[in-house]
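You will see chain A twice below: alongside chain B first, and alongside chain C after that.
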Partner chain A sequence: PFKRYVEIGRIALVNYGKDYGKLVVIVDVIDQNRALVDAPDMVRGQMNFKRLTLTDIKIDIKRVPNKKTLIAAMEAADVKNKWENSSWGRKLIVQKKRASLNDFDRFKIMLAKIKKAGVVRQELAKLKKEATA
Partner chain B sequence: MAPKDRKPHVSRNPDLIRGVGKYSRSKMYHKRGLWAIKAKNGGAFPKHEKQAVAAAPVEKPPKFYPADDVKKPLVNKRKARPTKLRASITPGTVLIILAGRFKGKRVVFLKQLTSGLLLVTGPFKINGVPLRRVNQSYVIATSTKVDISGVNVEKFDDKYFGKKVEKKKKKGEGEFFEAEKEEKNTLPQDKKDDQKSVDAALLASIEAVPDLKNYLGARFSLKAGMKPHELVF
Partner chain C sequence: FQYHQFQVVGRGLPTETDEQPKIYRMKLWATNEVRAKSKFWYYLRKLKKVKKSNGQMLAINEIFEKNPTTIKNYGIWLRYQSRTGYHNMYKEYRDTTLNGAIEQMYTEMASRHRVRHHCIQVIKTATIPAKLCKRESTKQFHNSKIKFPLVFKKVRPPTRKLKTTYKASRPNLFV
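Coming up: the complex of A and B.
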């Protein structure tokens, strides 16, 4: 029934708090509710499991590695690219892009959407004509 | 030596703590070389004669003393200056006007006038907004900028936009009303020419950016799902 387990080396997404949206590695389990968590750009610290959402990605590390080893292991497992190519990762990137859009960008997107819809509609009309002909 | 740019004088007596110098009075006398100045002047400190004070004009005693003390108004050293411009508004920024007959129009910012109002233009050909003044509070600044270097806005100030004062006519009857109506409605030709000259330079830089002309011609409106506090302009 469960596919993603809390284990040392599991990559998780922070879903609450100061580090919202960051990818972190579970480096140790403190007790039933908390884990020791680390990432290349943050100081190693504890986090409640409720603040973490587990991902599919896992890296191969021993309990509480030093920063250098951690970064090397993340490079070896290619976490960044795996995350950015996963559908979950891609969705988050799109959300961020949409939130940062300029008023001018939104206008350009509107024009592009109308254009695309026009092309699709033309193709559909063609296909419909062929079907009835 | 003729006095040139002098550096502000640094004290020769460094502070031990605030208010207490390192050197005593006698030591400072020696340090400043006052003994040498005295020696040069033959034993006494050089003096210069007092300048004769011009006799002040005789003031007559006042004729009237008020019964109670008159209060003086408090000193006010504030200076009038134009409203502080938001950091996001720089010459060439595209602004969205929020009120008035041009609400929703996207418009190019030219400069801030001395009254604090913003001088703004459509350009007229693109969206029908002429050279106009607008208050900063009724405007959203977007982060889109237009290159405004070719435009000369020196001649526009608040007087240019003021209402024209008409000379009072002698009172007539009947024909009076018809004559007035004919004169008022047309814009003077020189204002139209000003608009054209400002817009010519602007249009060139606007057409350089793809879609910018259509963008300025369209009005802004809030659609479903747009949350103003989350939108980045």
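Coming up: the complex of A and C.
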């Protein structure tokens, strides 16, 4: 029934607080509610599990590795690419992009949407013609 | 609030009979320096014949945690006053800093035994190696292959600004 476990090496996404949106590695468990958490660009610190959402990605590390081993293990498991290719990761990237558009980008998107809808409608008209013929 | 650890050094004022009175040093937990100094005189009064009015504070420094990025098991010996009398207690906590463990201790004593801050005296604290821990609740985390699922997922908006009283649909609480 459970697929994602809190374990040493589990990658989690921070969903509240100062480090919102970061991917962190659970490096050790303090007690039932807190974990020692580490990421390549932050000082190792504790975080409550309520601030974390577990992902499917897990890397192979021992308890509390030093920063170098951690970065090496993350490279070996290719966390960044796995995350950016996963559907969850892609959704977040798209959300960020949408939030950071300026007016010109929105204009370009409008044109692209109209073009795409035109092409789809042409195909649909073709299929309809074949169906009635 | 945060508890800070202070080192307080003080002595009685020098008099004609005693030119160089003995200097006493204490390590204390308090929320701020003022409270730490006050607590120092409280304890010193109970141990020696000296009061704040005929004593002087020599130094007060805050003590910071040496390694706040490693997890340690803290054992805390305390003396507390319950409704019926004074008792000694030994409690264990797992935390990254000693101040965090002391804060856990105060909140736990308040919740489990209804003992407030002013009725607790910390006798001794120590970092305990994992083999010597006595309490099952700390020993259960001494597992290098620890693994457990988060059973209940509480859906929270990422900032308090986005909080609403009513939601359109029931949240999914599974994991």
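Just so we're on the same page, the second predicted complex is superposed on the first by the 133 of 133 C-alpha atoms of A that agree within 3 Å, B and C clash if a C-alpha of one lies under 4 Å from a C-alpha of the other, contacts with A are read in each partner's own complex, and residues count from 1 in each chain.
The definition used in the following text is that a contact is a pair of C-beta atoms (placed from the backbone, for glycine too) under 8 Å apart; a residue touches a chain by one contact, two chains touch by 3 or more.
All of these numbers come straight from a predicted model, not from anything done at the bench.
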Greater chain A contact set [chain C / chain B]: C
Which of chain B and chain C A:Leu70 touches, first, second, both or neither: neither
Chain B versus chain C as contact partner of A:Leu13, first or second or both or neither: neither
Contacts of A:Ile59 with chain B and chain C, given as first, second, both or neither: neither
Which of chain B and chain C A:Leu36 touches, first, second, both or neither: second
First (chain B), second (chain C), both or neither touched by A:Val25: neither
First (chain B), second (chain C), both or neither touched by A:Leu111: first
Contacts of A:Leu101 with chain B and chain C, given as first, second, both or neither: first
Chain A-touching residues of chain B, taken from the complex the two chains share: 94, 96, 106, 142-144, 211-212, 214-215, 218, 220, 230-233
Sites on chain A touched by chain C in the complex: 2-8, 15-16, 20, 28-31, 36, 43-46, 49-50, 53-54, 62-64
Contacting residues of chain C [partner chain A, same complex]: 68-71, 94-96, 138, 141, 144-151, 153-154, 156, 158-159, 175
Complex contacts: residues of chain A adjacent to chain B: 99-104, 107-108, 111
